[in-house]
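Everything below concerns the one structure shown next.
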């Protein structure tokens, strides 16, 4: 077990040992979630503040439940009813929650870098408060990528999920790569685990510069990351296919012709999965636009679709992250 | 004790034994609520998700408190800040909460049938998650009718509230019957308990077809249900009078002349109660428009008005329902 | 220890013994907050309802955390999603929460007198429910003034904070006095503790009548309260400087020329503090408009600024108030 982080902000510098620590810890919490009393006293008396400057019910509920199952108290902050509208800065809001006695902060913000800025401020103040990035702009969403990793690795070896299981697996990520923090975090975790990652999207949602940027930043990744402007080459012999949510507002900004045409070119269907390995599985971070990025019947397929396992994994992985950041011992 | 339901969606097919099981269980929880520590560990470690697609503070707080007093953890979902606005279907939202590990779902929606559809989906998936209808469109609001029943029966016999106590009692339901899910659920529970139910409203809020529909659907009810377009015949010798909230938006849709005229014709006042039995009592599901459906002084009368007992009953009855649906044992 | 109140609505009639009881109790809870498990079972099984008819994340979170750390269950009511919009009166909303089994109510409302009216109604009904004013219009915000008092007294004697420590201290309150409930509550607590209070603001925000009104109401206060229309005389030899939040909407109502000009005349800066005692400290109730009522660097000064101590004090003082109102014993 290797863990030395106070904050979880990005997966860009996660080591294989850290991925495995998260996977193993999540695995032990998954066992807790099968009990009738799905609770452990690990964070009893500690406070987890969910500071969601951008609204999100799904992710906020998942973190709230993870915190409650560790017996923490939770505070929910929603920007709409807050002092932000009164001109207070984001750092001042975070410092107010710090001064109240918050032990960990889960931050979502529509601008990239806000969780990092808050974490830097906590470090500068020399307080032992952990900051977890729950999605910042188009930058990263590390807990989503970690729950995807946990879902995939658990499918391969439920007893001992570990990142080396992904070595040489082919994983297709399909959809609005350009605007997706989920894709960015997954690129880090999947390539670090030894998988081949194939991105597929229309050029408006996957500019050439995107792949170049990633490739130039890290030669180890460049050998693992491939860009396609059509779906087929990404799907051929793929072990896993991740579809991404298509923000409908992309239509109005002329990045896409129509939802129907998008589905015809990049929507994942049972038929198209025949290009993949026979045991292929499909993931989606949710919420899903049925019939756009994935066909409705495929989404509901209890074997092919891992979507509901992803949600379940989310609670276990977030328990693991809060637990590790809190410096506890698994009981 | 008779209980065999996973879901509570409608009272249309509730048996007398089931009504009595709810009444007895609520009675034992009422005792818990008189203690200084108003809590039992029955649902420790379980999760109750309040999925309120239609806003409601009162009912949501009542369910939240009932769940907390059974030591459950609660998740609150409010449609306004949710993925619903992102195009996710209601069933997908429910399945997301299922996958997170929710044990029971309390659903409110402005359209009739949504809780039933979610319950059907849970059964199809073969998961043991109970669904409770907290109000669906103009269809039903079973927990409200059950708390009304508990309030009335407890007044007659506080030690042993049971549905047979209502045999041959005359109960008037006055107001906007047409649009009221509360009235619909009460018609089922009160007639099944042997009471005579007299509906009174202007014809725009109580069309002839309404009574015909109910009567045709069940001959046993037809002998127990009476329709009046004036107030007086409903009040004469009544044992209990239930007034309903008048949605002010009915005015603008030309169903009513004015609030003042409505009050003159159908508002419940001390004076009008002289037509009833001497020991008559008044109920209202709240929130109340004072001076419209009920006079302000009558609402505040500590003897004649049962309004605050209804709210108190609500917590005990909802504890009973969550407890029974959870398959627990009363400790 | 002297405590005989069910409600905390105003500091106008607080006795020195009561101030000291709050300070001592808060001091013992501060010790709890330094433990890893920051929780005591004092209010286990009791319900604290936060009825915030006016939105506030900061104060609501502080009360919610205080209640949770006393092991109470909390119910949060936000006016925006409530029956208030359905025409229910405020007293009826409060009575609904009473009937559900609420033990204490924390009330914020944009109109002065609402918490008092609710408390009066609770007393009339002869129920043992405590009401705490969390800010009513421009009237009072007693828990804020008590946390300011606790912060100041703890700085002077951390072991034994008591109100006599303020005897003959000079305290400047600077800013929008006219519209400030924080200033009003602080005037009561600080003058009662024997401090000299110097108010400083432009005449539009501090009319002559304001001081006259206070002075006429209580001769003991009149000898302790001074009014200045410029900053300098208030700051000279001050021990503490409280700046108040400037509501930006005051600009549009022609009470102020510009934020820049306000800052030049009444903004607190390091430079201006040279007029004060060498060991001067600055307070602000938050949220802060950086660069308006206080300079940004002064706000962040870890020695001169007590702003984050105020937030921390808030949780301890609110725990103390809920504890005392609940009639408990410190364990």
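A, B and C are the chain letters, set down in written order, and residue numbers restart from 1 in every chain.
Simple rule for what comes next: a contact is a pair of C-beta atoms (placed from the backbone, for glycine too) under 8 Å apart; a residue touches a chain by one contact, two chains touch by 3 or more.
Since the model is a prediction, treat every value here as computed from it, not as a measurement.
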Task: Self-contact between copies chain B and chain C, residue sets same or different by half - done: different
Task: For chain A placed onto chain B, the superposition rotation in degrees, Cα atoms, nearest 5 - done: 120
TODO: Between chain B and chain C, tell me the centre distance in angstrom, where each centre is the average of that chain's C-alpha atoms.
DONE: 41
Task: Multi-chain contact residues (two or more partners), chain C - done: 78
Task: Residues of chain A touching chain C in the complex - done: 44-47, 49, 73, 75, 77-78, 81-83, 86-89, 92-93, 95-101
Task: Touching residues on chain B, where the partner in the complex is chain C - done: 33, 35-39, 55-58, 61-62, 64-65, 68-69, 78, 80, 245, 248, 286-290, 308-312, 314-315
